[in-house]
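Note that subunit A is present in both complexes that follow, paired respectively with subunit B and with subunit C.
Showing the complex of A and B:
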């Protein structure tokens, strides 16, 4: 029986090739993979504890011992950078997934059910979108306090309207497709039509959105931590590392302390943007 | 080209599987009410094919969709009953169910299945066709994935797919229009329903594929003893495939009978006009094709008389003011027209 042999469809193969031929997207994917790999295996790569304070070793210039030098309390910068990447990338990815999950669920509900439910959800999303998000984040951080979890919750609370709009408008047009009618003629439940048939058809642009917003959340975390409103200063994140270098003397004399985390943040969001654009090209049927 | 039809007496003796009585379906469009189906009654007998024919917008599709309540939000059944009898003679009053209820969902797909006009848009583009066919099966029958796979593959083989095990894993875009319509038929027939409603199944296909699909449907109908309702505007298709035919105009069945009755002795002027406007190859080069003057009236118009009066060449004064009463000729030949007020058997 040839039943278990799953033949790759020509469309999938074409998308695959389209992605592989996009050099920038591959570069982006490469950058992200390298950064994620370095962060994930930080304990195996670094010799130093990122939070271990060694005052005798403070403000060392880069050397073989300390690859990127040490900061003003003697913590190894390379270790802090890799461990910081863990937290920053984690916050970025989880926030993007969580806010998209909220957006997908609300978007499917308002697109498929429509009517009053749709209007209510749409009004709420408009309120969120019409309010300057940075002020909202600052207020919420003030309420909930700092912390990784709090940051993720706040980001998903504020970030869902974008995904909601994409999913809702896709579902609204898909709902009228004939295959939905033919599912109903087969007696398929409304919820399974919604999640098994409508949602997978709407997912292309959402995947692009998730990718691009990961970069956005990494930047937002860095910005908030730099302002001292993100993650507690004791936890190394890319934003906190820059925050620690916020001192005129350090900025002038020890530039690696802020250039290194800055480069990490820029590389990551650059990679994300390349990757996101590549995915957008793949999912855009008009190209 | 198709196998011979069952004789009329045979049809008369067949068991009734679907009984539609005084069905009325309305649409609320803003403040207007559109009367899409008015007082339609017919019976469908086991193993036969009923053709519903009429112009665009005359209520053919709405009649069929009303049977399993597959109506848009604005549409609703305002009167009448639809009764379905399953193989164990259990009666289901379909028109009493809520349109999203479990009961009607159990009937849809399992007992009464439907094929749509546009096979190109009727399949979900992101799923392989095998699982799409199996979905209907798994919804209604308790089967393992593996059993479902084998049922689907044997269905595909029956429908003339070569290498069905491989085709199972193809996406809809890998198929041509005719093949997609076969996939749609597979979805409809996989649960072995007693009634198949085909809503203009061949309109989107070219003529040679049309013939293939129709003979396939006819074959399936005979092997599975399925009753079929075929909606079309093509008189030729009706003549070739159906046993009985209902001619619909403005949501009313103006003429009903066996195919022989309606085609050999058409009674209603509308039927006559429809039959005349079929293009024939043998017509001369300068001969104009006959057509019915005017267009179908707006559905929100309420007629006190016969809706066809304005376009009818035989119209008499009474047509405008009073609805014609149904007359029956030759046992099964029903017509709603004032021209036959006298001379019917039991009128």
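Showing the complex of A and C:
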């Protein structure tokens, strides 16, 4: 038992060192932490209300008073950016966790039980994947309507096939191993074997998947809100801020209004991709 | 060879039927009584309940679901897609106007993406760990991270507003009849639509190419004294192409999905902008039919790319033929 622990901790230490030596991954993590920190502590950082309309202050250029200027109804852009980050990042993280949870459960069932159940789930996931996800999302928005909660539900309904594949193939390759046999022989229940003994082996790729899909959902939310079909326009999100600035005159004369939120989205997504790639290298035993 | 195409094709049919069933259920689940949105509110107010029931019968809205589905599907096969709830126009007509535009856009994006993605990716692999390679890697990272609409807005600001090289949007102006007149409207949206695919293909091509270049037969080719371009292109690139084709097929749905946003950015009158305006107007039949048309086009396009892959690589068709038989 003791020997086991030593091996585990040295593997962890090696992974830890592998991660720390990947400069891009550290940079990615740094970017994400900064953006999350800024959004989380928005009320302490910025004294403006992101939805307060002050027509006398409309379309101010950036100044010490309004760090990034104000939009066409006089709302402070910096405040909107910080509070918008809260909603956008929240949607990204919760959707990634929820869709992966669905994928993990279906993948474990698929891989462990196999047979007909597996074929049915696999066929459903194939049908899901033959629709372009953006279009499927739009159709569901058409049915369910806009809103933060609805977006999260829609993303979770659509996003599971990726995780499902990863978990399924991992469990499929492990379920005939001796340790599973011995689990069965000692009378451990199927669900326990599935989730306690098999699933942890798929954790690495799943964590990479959750990381990368967080970025994907932030992009998806931004795209939908940009089209006016995501979160209600009254709630500041990074996509909604750009959507509010969609007009040739503003685009040309007040570029901060759309470039600032665009940069925020791009930075977050870049950070996620760096981090995800780094984590993939860490969990990849071949590296 | 024919057997391979036959199996691929027969896999297509059940999928199409299943998707059509999903679409039909979607139309049925659309909120609101279909009849209230088929006729104008004024007419609806004037009709008595009996007359409404008559109309319902006439439109076949009281038949069983299976019956309705079969009639609907046979209509689809004959090109009858029903009517838009908002404009009252034939959906087939609306789509006939929009589909060629999106087809053009997606095809050009695919062309841009394949040409740039493959060549830059191969270049990166050949010039591994040089400035060119790093520059490509950075571009690749940006290409998959920056949202496409942000690229689009930038492209409009720089190339349309400041440089005035291309129009800010639309598909054609007055008097622009031929394809070459329209080309200037197509360049920016097609390129922006292709960016993320360029980035993805570049990464995969680089990886696949590096993989192939480390193989023994490349060493053999070199030691035979073949010229470097010949080794890289004929022996390296051609073999690296196969896994890339798989990625390309998998990415076609994403490309078509991307048209939704790009068409909105550039006011391009295609299927994507039709989807967006129909969802905003709660015109669910148009939404569902557009989804059906786009999804089936993707299935067919993926099939064609598969066929193309089999043509360039005999291993695919023979391998798959054995597997299927």
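Methods note: the second predicted complex is superposed on the first by the 279 of 287 C-alpha atoms of A that agree within 3 Å, B and C clash if a C-alpha of one lies under 4 Å from a C-alpha of the other, contacts with A are read in each partner's own complex, and residues count from 1 in each chain.
Here is the rule we use: a contact is a pair of C-beta atoms (placed from the backbone, for glycine too) under 8 Å apart; a residue touches a chain by one contact, two chains touch by 3 or more.
Every value quoted in this text rests on a predicted model; they were computed, and no experiment measured them.
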Comparing the two partners subunit B and subunit C, which touches a greater set of residues in subunit A: C
Touched partner set for A:197, first subunit B, second subunit C, both or neither: first
Contacts of A:33 with subunit B and subunit C, given as first, second, both or neither: neither
Touched partner set for A:120, first subunit B, second subunit C, both or neither: neither
First, second, both or neither for A:219, with subunit B first and subunit C second: second
A:184 touches, of subunit B and subunit C: first, second, both or neither? first
First (subunit B), second (subunit C), both or neither touched by A:265: second
Those residues of subunit A which subunit B touches in one complex and subunit C touches in the other: none
In the complex with subunit A, residue positions of subunit B that touch it: 68, 70, 100, 104-110, 113-114, 116, 118, 121-128, 135-136, 139-140, 149, 153, 163, 165-166, 168-171, 173-174, 184, 187-188
For the subunit A and subunit B complex, residues of the former touching the latter: 1-3, 5-7, 9-11, 177-179, 181-190, 196-197, 200-201
Touch list for subunit C against partner subunit A, complex: 15, 18-19, 22, 26, 29-31, 141-142, 144-150, 153, 156-157, 161, 168, 253-254, 256-258, 260-261, 264, 275-276, 278-280, 282, 284, 287-288, 291, 294-295, 298-299
Subunit A to subunit C touching residues, read off their complex: 126-127, 129-136, 138-139, 141-143, 215, 219, 222-223, 226-229, 242, 248, 251-252, 255, 258, 262, 265-266, 269-270, 272-274
